[in-house]
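Both complexes below contain subunit A, partnered by subunit B and then by subunit C.
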Partner chain A sequence: MWNIVDRLARLDRRWIFLLMLAAVAIPILFELQFDETPTQQARAVFDEIERLNPGDPVLLAFDYDPASEGELSPMASSFVLHCASRKLKMYFLSLFPVGPQMIEENIQKVILPDFPELVYGEDYVNLGYKPGYEGVVKVIMTDLRQLYTTDSRGTNIDQIPMCQGIDNVQDMKLIVNVSAGYPGVKEWVQYAVTPFPDKVKMVAGVTGVQAPFIYPYIPRQLRGMLGAIKGAAEYETLVTSTYIEGTPREIYQEGVRRMGPQSVAHLLMIGLILAGNSLFLLQKWQRKL
Partner chain B sequence: MKRTVPLLIAAICGFVLIITAFIPATVTWGETATVWFDVLAAIAFILGGGNLLKVHLRKVSDRAAGWAYSLITVVTFLLTLGVGLLKWGVPPGSDQEFFGYSFASLSVADLPEELTFRLPVDLPGDLAAGTLPASVRRQLRMTFAENDSQRLGTLEFHGWMTSSQKSDLLGFHDLLDWKCAVEQLAERSAPPASLAGKVSYFAEHEALAISGTLPEATEQELRAISATQPWTAAVTELARLARAPTSRTLQYIPSGLQVPSSREDSLKLQGQTLTVIGPMTPEMRAELTDVFPRVRPLAEQEIERFVADMGDTLSEDQQNLLRGMLGSLWNAEQLITVLNDAGKSQPVKKTYCELRAEQLAGVDDLSPTRDSSEPDTQLNAAQVEALTAAVMNPEVNLRTLGSVLSELGPWIPAQESALQKFRQRLPTIGQRNRTLVAALTLGDGQLPRATLDLLLAPYREEHLWNNEVFALYEAAHRVKYAWSGGYLQDGSPFWWSYEYAFKPLTATMFALLAFYVASAAFRAFRAKNLEAFLLLATAFIILLGRTPTGVWLTSGLPDSLSILRIENMTAFILSVINTAGNRAIMIGIALGIVSTSLKILLGGDRSYLGSGD
Partner chain C sequence: MQGIERYIWTLLILFLLGGAILQTVWDPQQSAGRVYVKQVEGVWVPADEIDRAAGIAEVSLLRSTGLWISALFTLCIFSFMYRDNPFYKIAEATVVGVSAAYYMVVGFWTTMIPNLFGKLFPGLIQGWAMPGLSPEPEPGSWTYVVPLVLGIMLLMRLVPKVSWISVWPLAFIIGTTAGLRMVAFLEADFLSQIENTIVPIVAWNSSGLFDPWKSFENLLLVVSVLACLVYFFFSIEHKGAVGGISRFGIWILMITFGAMFGMTVMGRIALLAIRLEFLFREWLNLNLV
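So, the complex of A and B:
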């Protein structure tokens, strides 16, 4: 028996890699899905957007890139779907260099096919990327035009109908941030919400790694937070069940779909931790004998 | 000096930001400092690029370990920089290109005196202190009255005022006197009626512009405005650009295509060759592509004939779907409602000068509109009957239906406009068939090749023709700003490298983490002591709490023990234990940042300046 224990303890890590591959691939191939029950955090985010009136301006800051797209794009799509369904005015921007592509992708996948009646410049606008990290947040909180003189297409901001009357981000009824790290939700909380606690409200969607560090800001500085794919799946369920009759398009089921492989991968991790520790204890016992 | 300047920059910026955080009146200082920071950050990008080249080229040159990776880094960096900056394969940006226009260079200073329009006014002098909208700043001059230095006496505008400039000026001040003056100035500085909508002056682009081609008469009229050299040269240049022909040999021409009579001076179709004189305007393009019949309501027999034409290739469900879709396209009642709505008299918007006159007359409650004196125009019985018959008749062209209706009763331009808008919103036969195919093949639906070809043939023809027209539209375009296109435009080399290299590579790198974390979970995550055990137990609960299995495992617990349900334990750990721990860490970090920042700002810590090598 001790021989087996030793061999397992020295198991080539490529076997573990193979297990992880199977744990992710099989649920994808067999389209394994689980029902999601929205938690209090997902409800808080949903309710915050529900409280807004049609026509209210909302800032959608998509601070993520392709590296974290797998984790964040489902919630970004759900945010756009929710805002468009509520007929809110959407102002997109990004503090990530490749953020504008993420914004454009959501415009292409959500707004153009499902909300063709929305007009660029009147119902939504892509202000694009600006370098400067939290410096950008600090400036646009008091003067949007100091940094954003044009939108991402090069159109003068004063010639964009929905930008007339918007002097700074304090004019937004809500900030929705999808964040992959720095600069992201922490910077928006520190430089946008904290200096203007009575004027600025914010909700966010973050990666799983970030989530524990963002909890201290809830609920006063951050009204609600979606943590990783699980948060996205819960919020997606709330939005689609409220605004879509029948079966939603695939893009609006991405959160739930991606929860399948993630859940199995988590179970594998739990199994590996248990197995690793069992072997560790057995070896310890073996040394005592 | 090498170290003192950065130290001073850091100290000044730092102290300014601290001050602005505590004194609201100094907020703009902070904005300025942050904008300067952005400028410096932009320079840092260039330095960063230079440094990357220096480090990796040295590694390649020395054949140091991993030099091949360095070579790949350098090559991909230069490639990305090249395709991004030079915008290879990117067409000019459509929103900055003024499609359909030809530009001739003409600065504001070179505008002839004949295009200077003056309006005597009596306005408060304070207006001159305001910042004029950027679009008119170079063209508008305010002059004080000769006998009163507190009042404006003249407004002077150089060039023809565009509608957006008028709108910008109206928004400059809320004073009715000002808005009325702007209206009068816009009227004075409008191009002559024969040139309106054809010729413009864009001060921001320093260009005299013409839309479409330039007829001889228009050229003579332009030349007659002034004989100055810059003006004459600009008109000559415009004539050259706006009369240059662009031809295309067409691979496909819709049957019965005819050049609209209103476009005969700018479009010529000879055999398979279509020629456009000057640039093609978007309106011309829309007219050329709008040659396919739009769908009309179908009678029941027509629907049955349509279904029968599909043969026995459709299942019963598909046949019913087809009948439903064909029967719910639109009907005559909808068009009648639209036309009657358009015929209702609308309130007329008053001009600002009318409002000002009312104000001077002592009217307290100024209303921006007044009721129209025109009665409502509704379709009469004969018109309704003709319209109902026409929409069911495939021989009648909806485009010319207005002329038929106008002979049968009252018909106003608003109704004609509503009719054309209604017609343009209707799908073409090709578009309708494409929707039918999409619906019939939804889910498990199948259609044989022959049925697909039969249904999609009209759409394919429309697609071919639209491509032909678009190719000519692009070929005839006069490029103004060659590099104005977005570097991320679909199909460009930069987009390609992003879509097929950067995106999958970064996603792959991130995804690899899952494999390493799994390996670490098995090998390193061991309960070697109490602290490690606590960490392990917490991770165990959190991981389990993020899976439906975890929730299912403890779902049987009674309500009195609900705190032990895995999802509640997860929430408790994250929102209480994690929050408390994180807050303590964050407060500690904040205190550390304060002391470290002070050391840096006061010059006590200069390590960030480097070794000085």
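So, the complex of A and C:
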């Protein structure tokens, strides 16, 4: 027995990698899925958007890039689906250089096929990317035109119908931020929500790494938060069950679909932690004998 | 690594790579490793199964090459899990190089052109690069000479003899950033977080009845914050009652770190899942269900 314990304790880390690869790959290949029950946080985000009236301006800040697309694109798609279904005016922008491509991808995936009646410039606009990190947030909170003179297509902002009457971000009824890190949700809370607590409301979707650092802002500085792919799957379930009849398209099930590999991989992790600790205790016992 | 294990790994890697190549060659649907496109109003767009069945789709050599490059780079990055190797280094260097170049170009076209030269020479920039820009100079736009001069001073870093000049704009950047962040941090993270911790220990629900669960939540929040603060208070020796509270603080911190680890794992698995989804679905067209 002690021979097996010693061999397992010295097991090459590559076998663990292979196990993890199998734990993620097999559920993907066999499309293993589990039902998602929305938690209070996902409901808070959903309710905040539900409270808005058709035509209300909403700022969708998509601060992420392909590196975190796996976690964040399901919640970004769900946000766009929800806002478009509620007939809200969507103002997209990004503090990430590759953010405009993420915005464009969501427009192509969600708005163009499912909401062809929405008109660019009247119902939604892509203001694009501006470098300057939190400096951008600070400036556009008081004067949007100081940084955004044109949209991402080069059209003068004053010639875009839905931008007329919008002087700064305080005119938005809600900020929806999808954040992969810096600059992102923390900077929006610091420079947009906290200085204007009575005027600016915000909900966010963040990566798993960020989530523990953002929880302290809830609920006073942040109305609700979707944490990682789990939060995305819950919110996706809420939006699709409310606004889509029948089976939703594949892109509206990405979050739920990715929870299959998550669950199996987490079970493996728990098993490995238990196995590692058991081996440690067994070795300790062996040394005492 | 033992000799036998090395053979097992070599065979396993060859088996997986060989299987992938065979799938792209003998895919019954002729979809693996290929990207189909169709022409709509003179524009090439991605084609689906229906377009292929209708005979209006054709293989795009350029996009298929992109698909293969993307798949091979993913495998190159994955190869690091076995050991550091030249394939991984090539992929890593490519990512760094492409990102740096992309940031530079995006920064030039989204900041230098509209926010600096567009303010100083609006007529010239409108005629050359941004037709949407107003040709009339804004009042006070001459002040943009200051950031232009600071920018040139920063570039002096590249000339060894006068590199000291770059210290001045650098000092300006550090000073303003520190000032900006300090105020935001004090407001959003320090004062607001203290405020968020001041909650009623005896909570009442909307019907005016005692809410035991909310009360417990609030009590736990206050006690946990105080216990963690005691743990970091080193002016008193952690003995007796102080020691007990400090130990409780450690437990709270450990639970927090555990939650952070769990969320991080979730994020990393989501990233792995999306790359495997890409390899299985978009590259290999594997459909086992």
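Just so it is clear, the second predicted complex is superposed on the first by the 289 of 289 C-alpha atoms of A that agree within 3 Å, B and C clash if a C-alpha of one lies under 4 Å from a C-alpha of the other, contacts with A are read in each partner's own complex, and residues count from 1 in each chain.
Going forward, contacts are C-beta pairs under 8 Å (C-beta built on N, C-alpha and C of every residue); 3 or more make two chains touch, one makes a residue touch a chain.
Note that the structure is predicted; figures quoted are calculated from it, not measured.
**Student:** Once subunit A from each complex is brought into register, does subunit C clash with subunit B or fit beside it?
**Tutor:** Partners clash after overlay.
**Student:** Quick check on the superposed pair: does A:R220 touch subunit B, subunit C, both, or neither? Answer first, second, both or neither.
**Tutor:** Touch status of A:R220: second partner only.
**Student:** Quick check for you: in the superposed arrangement, does A:S241 touch first (subunit B), second (subunit C), both or neither?
**Tutor:** In the superposed model, A:S241 contacts neither subunit B nor subunit C.
**Student:** A:K230 in the overlay: touching subunit B, subunit C, both, or neither? Say first, second, both or neither.
**Tutor:** both
**Student:** Per the contact definition in the header, classify A:F280: touching subunit B only (first), subunit C only (second), both, or neither.
**Tutor:** It touches subunit B, and subunit C stays clear.
**Student:** Let me test your reading of the model: by the given contact rule, A:D35 touches which partner, first (subunit B), second (subunit C), both or neither?
**Tutor:** Only subunit B is touched by A:D35; subunit C is not.
**Student:** Of the two partner chains, subunit B (first) and subunit C (second), which one does A:K138 touch, if any: first, second, both, or neither?
**Tutor:** Both partners.
**Student:** Classify the contacts of A:Y191 with the two partner chains as first (subunit B alone), second (subunit C alone), both, or neither.
**Tutor:** Only subunit C; A:Y191 stays clear of subunit B.
**Student:** Regarding the shared-chain residue A:P212, is it in contact with subunit B (first), subunit C (second), both, or neither?
**Tutor:** In the superposed model, A:P212 contacts both subunit B and subunit C.
**Student:** Looking only at the overlay on chain A, choose which of 22-30, 76-84 or 166-174 in subunit C hits subunit B.
**Tutor:** Stretch clashing with the third chain: 166-174.
**Student:** Is there a shared patch on subunit A that both subunit B and subunit C touch, and which residues make it up?
**Tutor:** Correct list for subunit A: 17, 20-21, 24, 67-70, 98, 130-132, 135, 138, 147, 153-156, 158-159, 195, 211-212, 216, 228, 230, 262, 265-266, 269.
**Student:** In their complex, what parts of subunit A are in touch with subunit C?
**Tutor:** 12, 14, 17-18, 20-21, 24-25, 28-31, 67-71, 97-98, 128-132, 134-135, 138, 147, 149-151, 153-156, 158-159, 189-191, 193-195, 207-209, 211-212, 216-217, 220-221, 227-230, 258, 261-262, 265-266, 269
**Student:** List the residues on subunit A that touch subunit B in their complex, please.
**Tutor:** Where subunit A meets subunit B, its residues are 11, 13, 16-17, 19-21, 24, 34-35, 37, 39-40, 65-70, 98, 100-101, 104, 130-132, 135-136, 138-139, 142-143, 146-147, 152-156, 158-159, 195, 211-213, 215-216, 218, 228, 230, 259, 262-263, 265-270, 272-273, 275-277, 280.
**Student:** If we count contacts the way the header does, which residues on subunit B are in touch with subunit A in the complex?
**Tutor:** So the residues of subunit B touching subunit A come out as 21, 27-28, 30-31, 34-35, 37-38, 41-42, 45, 93, 95-96, 133-134, 164, 168, 484, 486, 488, 498, 502-504, 506-507, 509-511, 514-515, 517-519, 521-523, 525-528, 536, 539-540, 543-544, 546-549, 551, 567, 571, 574-575, 578-579, 582-583, 586.
**Student:** Quick check: in the complex, which residue numbers of subunit C touch subunit A?
**Tutor:** Per the stated touch rule, the residues are 1, 5, 9, 12, 81-82, 102-103, 106-107, 110-111, 114-115, 118, 130-134, 180-181, 184-185, 187-189, 192-193, 195-196, 256, 259-260, 262-277, 280, 286, 288-289.
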